[in-house]
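Okay, got some structures for you below.
Look at the two complexes coming up: chain A is in both, with chain B in one and chain C in the other.
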Partner chain A sequence: FSFSGSRIDSDGKPAKFQPPPKPVIIDKQKQREERRFLSPEFIPPRGRTDPLKFYIERKDMIQRRKVFNIPEFYVGSVLAVTTADPYASEKSNRFVGICIQRGGKGLGATFVLRNVIEDQGVEICYELYSPRIQAIEVLKLEKRLDDNLMYLRDALPEYSTFDMNMKPVSRLDSEEIPVNKLQVRMKPKPWSKRWERPKYNIKGIKFELPEKKMKEAQKWSQPWLEFDMLREYDTSKIEEKIWKEVSEALQK
Partner chain B sequence: MMPIWTKSGKKHAVTLLKVQDCHVLRYISKEESGGKTSKLLVGGKNASPFSKSESAMEIFKEAGVPRKQKVTTFNVTDDAIIKPGTPLYAAHFRPGQFVDVTAKTIGKGFQGVMKRWGFKGQPATHGQTKTHRRPGAISTNKAAKVYRGKKMPGKMGNIYRTSFGLKVWRINTKHDIIYVNGSVPGHTNCLVKVKDSKLPTYKDCNKNPPFPTFFADGDEKLPEDLYDEEIFQFTDPSVTYA
Partner chain C sequence: SITGACRAIQKLTRVRVVDNSALGNTPYHRPPKCIHVYNKTGVGKVGDTILLAIKGEKKKALIVGHKMPGPTMTPRFDSNNVVLIEDNGNPIGTRIKTPIPYILRRREGEFSKVLAIARNFV
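And now, the complex of A and B:
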């Protein structure tokens, strides 16, 4: 414990007053605002269609979202979906599964849920804006290393099994979405697709193939693709505009 | 094209057609045209007047309307004649009507016989010498000639075709858009002619349509969206089966 008042430097002169370091304020409110999520089906695809068509479709999508809550979710999150089923005894059907793919744009947007029930893999493709869907619940919100988890079909069934009566995992609003860096172990080859090839660019598989096979798969790589300027589709400005439109309309 | 759901939960695909600056250009009487009914010339989408000759622009000058990209004729009965120069809107059609849509199909250029007429061609292997997509024989020995209209390679597409009996599901009066069931010939943003259906099953389908047409400056104030009875509107809660 030293007296701050009578501090003397090693030189022998009185020490210069050092102001205390500025406190770093982590403003949780600002961080929450910065995180925006725009569902991928709002972004119009590149093409020669009239933007009026996308505007009208967006109005319909926003109208549906006002009445029915479509939560934020990513490929790799576990969802529970209840649909109206005229042939079921309770007239409704509940399915729990991991989202392996989100496809389609506009009102026809779909997502595929996968689960293994009694040793049988089941995949159901639901339309986000279909009126038959009565509830969508996110049981576990997380991202994975890839945008498309179709390789789970050739992975060991333990990676696709989820309990039908799973309880929702609680999480705070301010946290960032966790990325599950799970590397999945596969069944022995042959697989439905050659997932080791660079065109699928899969990071979430633990390849236990010999080095020779992995090198041979790199023969199909197309390194010029990332430099192809015609393939670039910069959606940042479009996303900004659409995000403003959608958030304003939903807040009303 | 867009999906649309009915109240029972069924999905249908729907094409959006926009009525863009349509005006009636001229009235041709029965005697003048020489047909069975009188005709009305209707023009579509506005275009620049500078690339057409003066004589072609006469029709538009008479009607007092900017130059139109496409001009079509409609056969009309005498009680449905409209004064040239009146604008036509999407509200001319109502949900629940049935419609025929005519347009030029997508041009595919010079195509071979397999794509154009659906011929089976020849096998890829087993000794075929230079013959995999050819038509094969074009006539018999006895005929000693090739019949007129023999299916052969040629220019495919870019011809007028009609889809008949398409149901109108929804009309947007603010942007003048007609939602028509199923697909329609032509590429995206091409010009299209929409008529009341000529099929005998839909003869009595139009109950009290706006006759002769929907006039915007009239007394009738329509809501922004007109829906068919069976459509699921997004303002309703989700569908349940009781």
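And now, the complex of A and C:
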């Protein structure tokens, strides 16, 4: 046994009590970079309009977001939207569907939900910032291989059917958003658009076409487009600025 | 051959009858086609009456959904849907299983009987 009180320093005096070193707790969750999501409608389109216009629009969008929560979602996630409808029973109308497209910039941003009800495919285009929308709920948050799922119109109806009373799928906040690598099977041709052509660049279809047709579709490929410098639009710096602005404004 | 995407309903569009009437559901070698739209423009949207040629007969019908995208917040269907109707506005069928847009309720007076037999609303 050696008590600290009985320790004698080199001077001959009793040593001062040194407390044991505190354990260092490394919080791995906070260490992982906070996932940032900036809704695509905040990014202004490329053009010569005055940035003041986008700034004013952003102020209005932030104001709306403070009052009404617009959750994070991507093309391919399943949403349930309740809108105020004067002609519906209970004055409100709930629609569940998969988001197939997000379009528009600023306050006119829209998203299209698709579902198949009683063998009838129905698509509704909602405006994100419309005051008629009462609630947006994300039932299943996931991404798909493409940005635009318009090909679901020509796919077998089972890929677009979602139960109206679907329960929300639970997920942790820190997990990465899952990418659903589903390859969709199509109805027989003719389709509304020639999805096999490289201009649509679709990765989420299981093409069961003969090799000859696939090779013929490659005739319309434009391999020079990805190197075209006039079409480049680098949004990284703009996104950083807008992210700082929006997150500060929303935290107030 | 099938024509490309012509969206709202005009003369000679093939339509799909969605009620459970005998006239609409018995198979025939020609699909039901629109021959006249009761409108100033010849283009029929949801809520317009049209004249249909079915099984060699002329019948009036009410448009309940089309492939053309309409105003935002209104549904867009994957097929041109139509409900067979008499001259006085009474529907011929007794049940409509396919979803009907809520917009039709605006003209509750004219379409009350059609809305009464509809099951699902979108």
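Rule of thumb we're sticking to: the second predicted complex is superposed on the first by the 219 of 252 C-alpha atoms of A that agree within 3 Å, B and C clash if a C-alpha of one lies under 4 Å from a C-alpha of the other, contacts with A are read in each partner's own complex, and residues count from 1 in each chain.
By definition in this document, a contact is a pair of C-beta atoms (placed from the backbone, for glycine too) under 8 Å apart; a residue touches a chain by one contact, two chains touch by 3 or more.
Just so it is clear, the model here is predicted, and its values are computed rather than measured.
Look at chain A after the overlay: chain B and chain C fit there side by side. By the touch criterion stated above, A:181 is placed in contact with neither chain B nor chain C. In the superposition on chain A, contact of A:203 is made with neither chain B nor chain C. Residue contacts after overlaying the shared chain place A:125 against chain C, while chain B stays out of touching range.
Of the two partner chains, chain B is the only one touched by A:50; chain C is not. Contact with chain C, but none with chain B, is seen for A:93 once the two complexes are overlaid on the shared chain. In the superposition on chain A, A:35 makes contact with neither chain B nor chain C. In the overlay built on the shared chain, the residue A:106 is in contact with chain B alone; chain C does not reach it. Using the contact criterion defined above for the overlaid structures, shared-chain residue A:85 touches chain B and also reaches chain C. Once both complexes are placed on a shared chain A, the shortest Cα to Cα gap between chain B and chain C comes to 10 Å.
Within chain A, the residues touching chain B in one complex and chain C in the other are 85, 127, 130, 132.
The part of chain B that touches chain A in the complex is made up of residues 2-3, 5, 9, 11, 16, 18, 172, 175, 177, 188-189, 232, 234-242. Put simply, chain C touches chain A in their complex at residues 2, 5, 65, 69, 72-79, 81, 97-99, 102-106, 120-122. Against chain C, the residues of chain A that register as touching in their complex are 83, 85, 87-89, 93, 95, 110, 117-127, 130, 132, 153, 190, 192. Across the interface of their complex, chain B is touched by residues 47-50, 52-53, 56-57, 60, 63-64, 67-68, 84-86, 91-92, 106-108, 127, 129-134 of chain A.
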